[in-house]
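What follows is a group of structures, each given as structure tokens.
Each of the two complexes below includes chain A, the first together with chain B, the second together with chain C.
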Partner chain A sequence: MTATAAPEAALGVLPRADGSAKYSHAGYTVTASVNGPIEAQRRDELASEAHVDVIVRPAAGVGGTRERHLEVILQSSLSQIILVKNFPRSLIQIVLQVEDSPENDYVNTKIVQASLNFAVMPALMQTAVLALLSAGVPMKATATATAVAIARVDGAKKITVDPSPRDIETAQSVHVLAFTSHDELLLAESEGDFTIGEWDEVYETAKGICCRPAAAAKEGMAMVLDDDDAGGTDMRQFLRSTMESKVAADLHWK
Partner chain B sequence: MTTSTGPLVLPGEALDPSLIPSHPKHPLRLGPGLRHIPPSDIVPTVAGQLTTNSHKNSLWVEANSNRYIPQQNDPILATLLRTAPDSYLLTLSPHTAPASLPHLAFEGATKKTRPILSPGQLVYARVALANKHMDPELECVNPATGKADGLGPITGPGCAFDISLGFARRLLMARSREEGGVGVLEMLAGEEPGITGGGLSFETAVGRNGRVWVGSESAATVIVVGRALQETDRNGLGMEGQRRFVKKLLREMK
Partner chain C sequence: MPREAEPSLNEKQFVAQALQENLRLDGREFDQYRPLELSFGDQYGVADVTLGRTRVLAKATAEVTVPYADRPLDGVFTIATELSPMASPSFEVNRPTETEVLLSRLLEKTVRRSGALDTESLCLVAGQKCWSVRVDVHVLAHDGNLIDASCAAVVAALRHFRKPDTSMDAGVLTVYTPAEREPVPLSWLHSPFCVTWSFFGEEGDIAVLDATWLEEQVRVGSCTVSLNKHGEICQIAKLGGTPVDAVALLQCTNVALARVKEFSDMLDAKLAEDAKRRDKGGFMAELRAENDR
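So, the complex of A and B:
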């Protein structure tokens, strides 16, 4: 089963940080803080652009190799959309704390060391973008992300959007894709066995969720996702409405 | 009113050409939150409300944030960190590179007679130079007239309070009550009819870097004014809310 709960977000949850966001979707809850541009340490300093520092903290225990891997992927994607050239020799620090991840009903898990996997990537990406918007860090574009799993059920191919831990366990391949607001592919990470044709299908499905044009939201959903009843939320519209309420609250005095 | 408010914009969104003002004589001026990509694209870089002024032929994105990015001619409230051979080093916001204030950038200062400041001293200054590749430079004197114009080291009993950048901008508006919707200072000073117990005597210095200094002989007055300002900022109080809060503060003061 896919967790079909609509995404939820709150901005400015941490009063001391320059920008912060709490986001929950598909069973994951992530809180992010953004500070920057601030002074970079000598070893991180880049002469012509800002250094984007991403720190991922798991729900329990300390981060390990998996978290470092996610950090590297997020760091390179976020540097693409932040206007890093505007702040040479400075640092933009993004801390992502995973608070909650969906439970696997089929396996008894002890949360001693919460292991992160690919399915948490969209939530991390989305939270980071919301926190950056909340901090007012200048950006080239916004981004939306989604995860897609392909499983074989009785020989038939089944594409699941926002897969649950059980879906990931049984899936042949899991893919994470992110798109900028200019409909450009920002991030594409895959694991498992898949063919080029399958990847193309995944790409189209993810694009339908991340890059739905505002006017054609209804038709697009029916067209692109007709083989998947679970559907997905219109991420771009979600981002917009979240920011709308934040800006309205900030400019209440006008 | 020559300023008009437009829709919400997100980073990287295309602007509707009809929203961009045109003027027969003045060149188009872009304010904060927008960037010009030659030859003819104007793209928002932060999320906020697009605001235009047809009289000045300018447009900018109105948004609130917490991290100050120095801009030339901004009045700021800085804290002295240390003294360098020919300048003072001051901090504008936490964890950012210090700004320099030359020893001779004070009214009537010469090599023999310059103000001797010690670390921790608050200075009200203007940003003389803001460049992304260099640390900002400050001055406490108008270079055209040689007069201080109210700038200089802050003396006398008082305390500095942190506020958001949007609130600092509202306080600095020429008519902050009508345009910015901030009336707490007038209410506390007893200039508003219907509020008993006002008539506090205090002075303020507002810095664009999100700091406000409140000075008064009475410590209670400093705390009350500072609290009123911070509360108005954080809770987004409207005129009526401010009036109620000021009444409550004044009642508690007795």
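So, the complex of A and C:
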């Protein structure tokens, strides 16, 4: 699978969960289910707000510290956008099942101890948001996320959006950024060596992908094509069109 | 976690009485399966089985490890079944339920203990290096008959799987990456499938194939027969307290054989179709690294 493949998503793929979504982009395929608000166990119960429980399950092998780390990051970011105060003493359970991740053909991977890549985060975030929308969980805003890698090729700096495993291996630093639909920075996680200047560049690149104004996307087909070449996919437009097509399909009888 | 809501008394009676009148809620015959769909992923060893609304994803992987000290000539083969809250919120992470234990036991008996995978072929250096093949079963949606769906997914994933090629040269073991050499399939001996019968009625006299989740909650007993297309039975598990007539069970195994033959044919056809899809330009035969037996 090529890293530049356009994102694809399907909503309501699982019949028994309150909400579910399947999302694939840049070689990653993730299925998410959301149940909530449901009864919380006593140890998870919070007196004034809902507990957001995120479970990340790797495709192969048992989850370890890396998965727990991803869970904690996702949990704190998603609690920010879900209206948790509306559902005190309850639980919103998000299960993220990684189905497919791009493989590096040049290395044989260790499997029994699964170690999910840092770059899977945007896919997890995006799937979680889609599943939350599908479950009708009230949220302040939606979120879009992207991964950006900086590599040094012959002394020149090269910024790669949605890096492949091989890009990550050669990159100096990898960054994952998420923005809310109000253009606010929701999540910024970085790995590797980088300067403040580089981070600013990454920020601008990611913002261009996640927060492209809706007007720019509508200005004629040629304009959109130019944009696609320059800054990758327009995540916000993607989220919007996915939801629109789902709602249109659900309400076709009206 | 919230407990699974049991069907109400009315629901239970409705299902039971409909079965007495030879009717099933979804209009199927008693010995009819829901449509079984099987698809393979982009990678080797990923099988997605959909049985009605039940959906199971199996992924096979392999890595080089040290064999167990008491079995120096055998490789390691494990099947991991962990039911996540995705299947139902009543399942909890790291706390196996009865369903999960039964499922993993049955898969173990059907696939591992029946010798479907030749574990001796996984040995690389006796007592030092061997392949560890692992199948992860992910239940995405649970609407009854997890066992049959999971077993089909595991068998399909393993038959689709390719492990990296290796070579031994003057005591040095080389494991080739997919970029260097085309991966090789596992040494597979036979394909067992599970067929689960559910029994209803006070005497267990109504036998039904491929029960849905609602039917599973109402049944008085169940019997899982695992066999391959040659009619070799790997295991029979009869669960639930109600005794079932021996002649009825014999009849069940006969029907099971017919179903298993259908599954086998379908799996063979799907594997051939997938091989054709991957064989772009017809170079696969030349790229192949393994020798014919």
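Everything that follows uses one rule, which is that the second predicted complex is superposed on the first by the 232 of 254 C-alpha atoms of A that agree within 3 Å, B and C clash if a C-alpha of one lies under 4 Å from a C-alpha of the other, contacts with A are read in each partner's own complex, and residues count from 1 in each chain.
As a working rule, a residue touches a chain if its C-beta (ideal position, glycine included) is under 8 Å from a C-beta of that chain, and two chains touch if they have at least 3 such contacts.
All of these numbers come straight from a predicted model, not from anything done at the bench.
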Query: Now for A:T233: first (chain B), second (chain C), both, or neither, which partner does it touch?
result: neither
Comparison of chain B and chain C by chain A residues contacted: B
- prompt: Now for A:A60: first (chain B), second (chain C), both, or neither, which partner does it touch?
  reply: second
- request: In the overlay, answer first, second, both or neither for which of chain B and chain C A:E99 touches.
  value: second
Message: A:Q75 in the overlay: touching chain B, chain C, both, or neither? Say first, second, both or neither.
response: neither
Field: Contacts of A:L133 with chain B and chain C, given as first, second, both or neither
entry: first
Query: Just chain B (first), just chain C (second), both, or neither: which does A:A141 touch?
result: first
Message: After the superposition on A, what does A:T205 contact: first (chain B), second (chain C), both or neither?
response: neither
Which superposed partner A:V247 touches (first chain B, second chain C, both, neither): first
Task: Could you tell me if A:T31 is touching chain B, chain C, both of them or neither one (first, second, both, neither)?
output: second
Query: Which residues would you name on chain A as touching chain B in one complex and chain C in the other?
result: 15, 17, 35, 38-39
- request: Report the residues of chain B in contact with chain A in the complex, numbered from low to high.
  value: 5, 8, 10-13, 33, 35, 43, 45-49, 62-67, 69, 94-97, 132-133, 166, 170, 180-182, 234, 236, 238
Message: Give the list of chain C residues in touch with chain A in this complex.
response: 1-2, 41-43, 46, 53, 55, 57, 59, 61-65, 80, 82, 84-89, 93, 132, 134, 136, 138, 140-143, 164, 175, 177-179
Statement: The chain A residues in contact with chain B across the complex are 15, 17-19, 35-39, 81, 83, 86-90, 133, 135-142, 180-182, 239-240, 243-244, 246-247, 249-254
Statement: Listed in rising order, the residues of chain A that touch chain C in the complex are 1, 14-17, 31, 33, 35, 38-39, 41, 55, 57, 59-62, 93, 95, 97, 99-100, 103, 105-112
